[in-house]
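Just below sit the structures, each encoded as structure tokens.
Across the two complexes that follow, chain A remains constant while its partner is chain B and subsequently chain C.
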Partner chain A sequence: MKFLRIKAIAKKELIQIWRDPLSLAIALLMPVMQLFIYGYAITFDVNNITTIVYDQDRSSLSRELVAQFRESGYFSLIAYVDNYGDIDVYLDSGRAKVAITIPYDFSRKVRTGRSSPVEVIIDGSDSNTATIAEGYIAAISLRYPQRITTRTVTPAMDPRTRVWFNPELKSRNFIIPGLIAVIMSVVVALLTSLTVAREWERGTMEQLISTPVKTSELIIGKLAPYFAIGFMDMVLAVLLGVTLFGVPLRGNIVLLVALSSVFLFGTVSFGVLISIMAKGSQSVASQIAILSTMLPAFLLSGFMFAISNMPKPLQLITYIFPARYFVTILKGVFLKGSTLSLLWRDGLMLAIASALVFFLAIKNLHKRMD
Partner chain B sequence: MNQIGSVVKVEGLTRRFGDFVAVDGINLNIGKGEIFGFLGPNGAGKSTTIKMLCGLLLPSSGKGSVGGHDIMTESEEIKKNIGYMSQKFSLYDDLTVEENIRFFSGMYGVRREKRKERMEWALEMAGLKERRGVMAGTLPGGFKQRLALGCAILHEPPILFLDEPTSGVDPLSRRTFWNLINKMSGSGTTVFVTTHYMDEADYCHRLALIYRGRIIAEGTPMELKERFMKRHVLEIEVERMVEALDILEKKGVDAAIFGSLLHVTVEDVAQGIADIRRTLESSDIQVDRIEQIVPSLEDVFVTLIEVA
Partner chain C sequence: MRERITQMILKEFIQTLRDKRRWVLLFGAPIIQLFLFGYVVTTDVNDISTALYDLDKSQESRELARRLEASGYFAVRYAPQSTAEIRDLIDRGEVLCAIQINRGFAKDLKRRIPTEIQVIVDGTDSNTAMVALSYATKVIAKYSQEMAANAVGAVLSPADFRTRVWYNPDLKSRNYNVPGVIASIIMITCIMLTSMAIVREREVGTMEQLMVTPIRPVELMLGKTIPFAIIGLLDMFMVTVAGVLWFGITIKGSLLLLLMGTSVYLLSILGIGLFISTILKTQQQSLLATMFFNMPAMLLSGFMFPIENMPVIFQYITYLNPLRYFLVIIRGIFLKGNGFVVLWPQMAALFVLGTVIITISSFRFRKRLG
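Up next, the complex of A and B:
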């Protein structure tokens, strides 16, 4: 292998990226834009849940309960109603997401130390919001007897929850690290997927493969500039995540750089592999690159949906997507300050996957036209 | 022409694409320093042959060697010893002249100490010294072709394969180009060149005519003209050429259009002239001129194709 040739290819590739507005936009603008759009748009925090109340009891205790909901900050009380029909109207029209019905005997039961059912109807059509609203309601009702505990019974249990790693439960804190993984996979794979396909499409491959260049030289020379660009994007995304979105970076930066490099190497190799397979069509290559990285990175990496909640077969499938390991690594390094002793398994899987894809790319590039 | 052994030697070279046989069992034997012309109409199998010889396309069957390396198993060794110029311009349009040259000098592994000199030489040869900073894609055809040639010979390969190097190039550039090829052959480079311009065939030392995947004739330009043109060629100038062609062909005369003239082949010159005059004038077609000419290679080719 000649370093001279690798350098010549890398340099040529860089010049071509620099002169191609589309590639340049993908390389420099896309990651920042994605970080902004997703960083602001994707949030699991639910605030201002529209709520209506049907207070049949109309006592000081029932008013106190309603006040609890209002003061929590999660619910915004938009109306009082006085029959069930109105509840239907509000929920059906979507004007309210939650309806609380306090029964006639609420204060009587509570004062005599018995528990009283409070009916809470949640609009389940937006299941995500519904689940979260349910959680808030459970938390409030837990707190409720404590407030009036002197007048009623002492609760048998006094739960005190502490949230580790992300005490404010800000969803942005776990979205941004995952998002970096998504952006890195999609942007880098997309950009790299054009490189070999472009040579076939423009006919320049014919001249290139008539030279004594080795396939390994060709692939490494082509990977290098995209790796550098991906690395730059990575640094940019981490900086933005920490400064703009205030995500804590608790772990070791050297570890972050090292493991990210392994992931990047795998991703550029994957991009080149796609590019080789999509022989001669840049548009086919870019579509495959987007589909094969975007979907798994979003859905199967644990970025948005916890892998442990997935059905078993699906959980097994996630193991073949390197994004899964990288999301674990990023979340670990960012939020938990994890060290290599915890992340080595994910790092090792990444390294194996990357090496495999790189090997496949070299194996599949033939210096022939048939 | 100093022929010391053969540089390109193949036997039974065949390439199929599905049911279609693009190249059908051809044999070649080309010596060092030879300019070997590979002639034939479009689709005859010229490019397929050249790609097999350059290691870009694996032959379906056959055996042979290029520069002493086996065409079936050693294509990467072959690539170290050849320069290849494809039919379609296949350098980088979005790189400048100089960047293209530098890139390919890297690909061919031109040694660092020689690189500067070779790059300057290529620029000089292609007449692109003044345009070194111009994007290759914006060059006129003749310059593109010379740049492609320059890039293909940066590493001074002993064997050069040129696939239709002069198609779409103006006549003056073509002449310059052939002078260059001649010079390189003189210094020992073997040149394998395909073309469909018959007039260029006379620049070659030896020729093979390929038609529908088969070599139908082979020899020096002179040999081909003498050996295959037992018949005589008459050149005819008439007013209504297409009509005249039609009439002659109906009579069973071997005729073809050459520019604004008709060429016919006959066994006996005097008898032929008389016959043709009579035939055409009986159909009210005025014959302005009719005379015997020295056959061109194109005549040879047309005759051979009609036989094949």
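Up next, the complex of A and C:
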């Protein structure tokens, strides 16, 4: 293996990347855009649940009840309706998700110390929002009756809820560390898998093969620039995540960079392996890259969707994909400040996977070249 | 003109379907995506690993524990004997939720003094944390109310909330997510296929050959897009049938309306694919650009994250996203059985969006050819 030849290949590849500034720009803008969307636009928090009220009672007591919903901060009152038909219309069209009906005799019953039913209809199509809305309503029913009567409702249980590790329940803290794995997989695998495939599709691979360059040199030379791009993406994502979005980085940064490099090396090698398997069709290569790298990184890594919520067979499948180990590492290092003593198992799996993919790529390229 | 377009479409079909591997990609990839997304994108939270610290050890506290377990949401796996033990269990990730019933719980209830119950959740996964809190509040509120209803001389809560869930009474997230998955898969697949197919012709150099034939730009464009509209409809049919049969989802509304909705949706989707192909030169660029569009389009559509929880600026951006409108259509038809009366604004929006983008791209397309 000669360093000079590796350098020559890498330089050629760099020139090619440089000549296509659009792809390079997308590769570097992708992490920025994703971070902005995940950091600013997206939240799991459920508030502003659109609510309509059918207040048949129209008393101070019923208005007080509605005020409790509004002041909870979770429900946003968009309209008062005056018949049941309108409830149908609002819920059918999705303009409202919750409809509260207060009966005619509400204040009369409450004033005489009785309990009055209040009908709450929830649009269950979005089951997650509906579930959380039910919890909010249960909390209101427990904590606020004191406001409309002077007496304390008894017996009363008062759930005091506390959230650890992420007290403001910010989704960005949970998502951004794992997002680094997704960004790296998407950008790097797509870029790499298409370059070698393109070389074949255009016929320039034969020219490369006729030179004295060896397979391992060819692969390393081709990998290096994409490794560099992926590394820049990673640095960009970590920097933006920590500075702009205030995601805590509690662990060791050297450990983070080292393990990211191992993952990156495996992903880049896998990109090359894909392009060899795709036999020179860029569209086939891109599809394989999406199915084998992007989707698993997005869906099967535990980045956003908890692995423990998946069906058992699917949980087993997640072990095949390095992204799973990498996301565990990222979340551990970022949020919990985990050290190598806790993460060595995932790190080891990552290293094994990366090495395996690299050797497979070399072996397959050998076969293709003969 | 019709003859030339037919020939063009035939050529396109032959070219697309000649390669056996492409069959797998055209029809296999959407199915794989359906299963992955269908199983993974779930917000159902069951069997939350729970620690119960019961300091009271009374009949009432045991009853609360029994109710938590019987709800199906909580799996009480640990019985810690100190708060330090709770902290340790949550730190190690053994439990997501810890519930502490204080000493004197039963006594307080009998004396009609409000009594506190501590509910602690691990907030790392903010959505699961919120759902867990919501479930715990619901169980506690129900127990509290039942106890009040049965107690002699108790003061009842003035407002007795009776919640009813419409459209998806079992609150199964699959009923909501699978239609969303179908809509997303169609977008991902069709934009990529269209943009890459056209760019490929340019990259490989066969575009020049097509241009020297008497075919006109509009015919060329139609000939290039119609096959993908047909493939898109086939994919839609296939994924819908598979989704309905495998995941056991019912379609409450009209299939004809779904076909109509899909057609206007495909119009805008193919328009976007066409547009991407007119600004780019290589397949790699068009793939990256497709990803650059698809990722935010999926996130800013209401597919996984409700639009009304986004900041206002992002809510405005979603109006440019065809997926946003189609999600309302497909979910409305699947879950609510919405008719044309409810869904026409979405269809009109898709039609306008599609027409505008197709017009712009066809101008650009002609310019590129000339």
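Everything below uses one rule, namely that the second predicted complex is superposed on the first by the 262 of 370 C-alpha atoms of A that agree within 3 Å, B and C clash if a C-alpha of one lies under 4 Å from a C-alpha of the other, contacts with A are read in each partner's own complex, and residues count from 1 in each chain.
The criterion applied here is as follows: a contact is a pair of C-beta atoms (placed from the backbone, for glycine too) under 8 Å apart; a residue touches a chain by one contact, two chains touch by 3 or more.
All values reported here derive from a predicted model rather than from experimental measurement.
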Partner chain(s) touched by A:117 [first = chain B, second = chain C, both, neither]: second
Between chain B and chain C, more extensive residue contact with chain A: C
Touching partner for A:77 - first (chain B), second (chain C), both, neither: neither
Which of chain B and chain C A:368 touches, first, second, both or neither: first
Partner chain(s) touched by A:4 [first = chain B, second = chain C, both, neither]: first
Touched partner set for A:356, first chain B, second chain C, both or neither: neither
Partner chain in contact with A:249 - chain B first, chain C second, else both or neither: neither
Which of chain B and chain C A:211 touches, first, second, both or neither: first
Partner chain in contact with A:20 - chain B first, chain C second, else both or neither: both
Footprint overlap on chain A, where chain B in one structure and chain C in the other make contact: 20
Complex contacts: residues of chain A adjacent to chain C: 20, 22-23, 26-27, 29-30, 33-34, 37-38, 40-48, 50, 61, 65, 91-94, 106, 109-110, 113-132, 134-142, 145, 148-149, 151-167, 169-171, 173-174, 186, 190-191, 194-195, 198, 201, 281-284, 286-287, 290-291, 294-295, 299-300, 305-306, 309-311, 314, 331, 335
Chain A - residues contacting chain B, complex: 2, 4-5, 7-9, 11-12, 15-16, 19-20, 202-214, 367-370
Chain C to chain A touching residues, read off their complex: 19, 21-22, 25, 29, 32-33, 36-37, 39-46, 64, 90, 108-110, 112-131, 133-138, 140-145, 147-148, 151, 154-169, 171-173, 175-176, 192-193, 196-197, 200, 203-204, 280, 282-285, 287-289, 291-292, 295-296, 299-300, 305-306, 308-311, 314, 328, 331-332, 335-336, 338, 342
Chain A-facing residues of chain B, complex: 51, 54-58, 75-76, 79-80, 82, 84, 86, 88-95, 99, 102-104, 106-109, 112, 148, 151-152
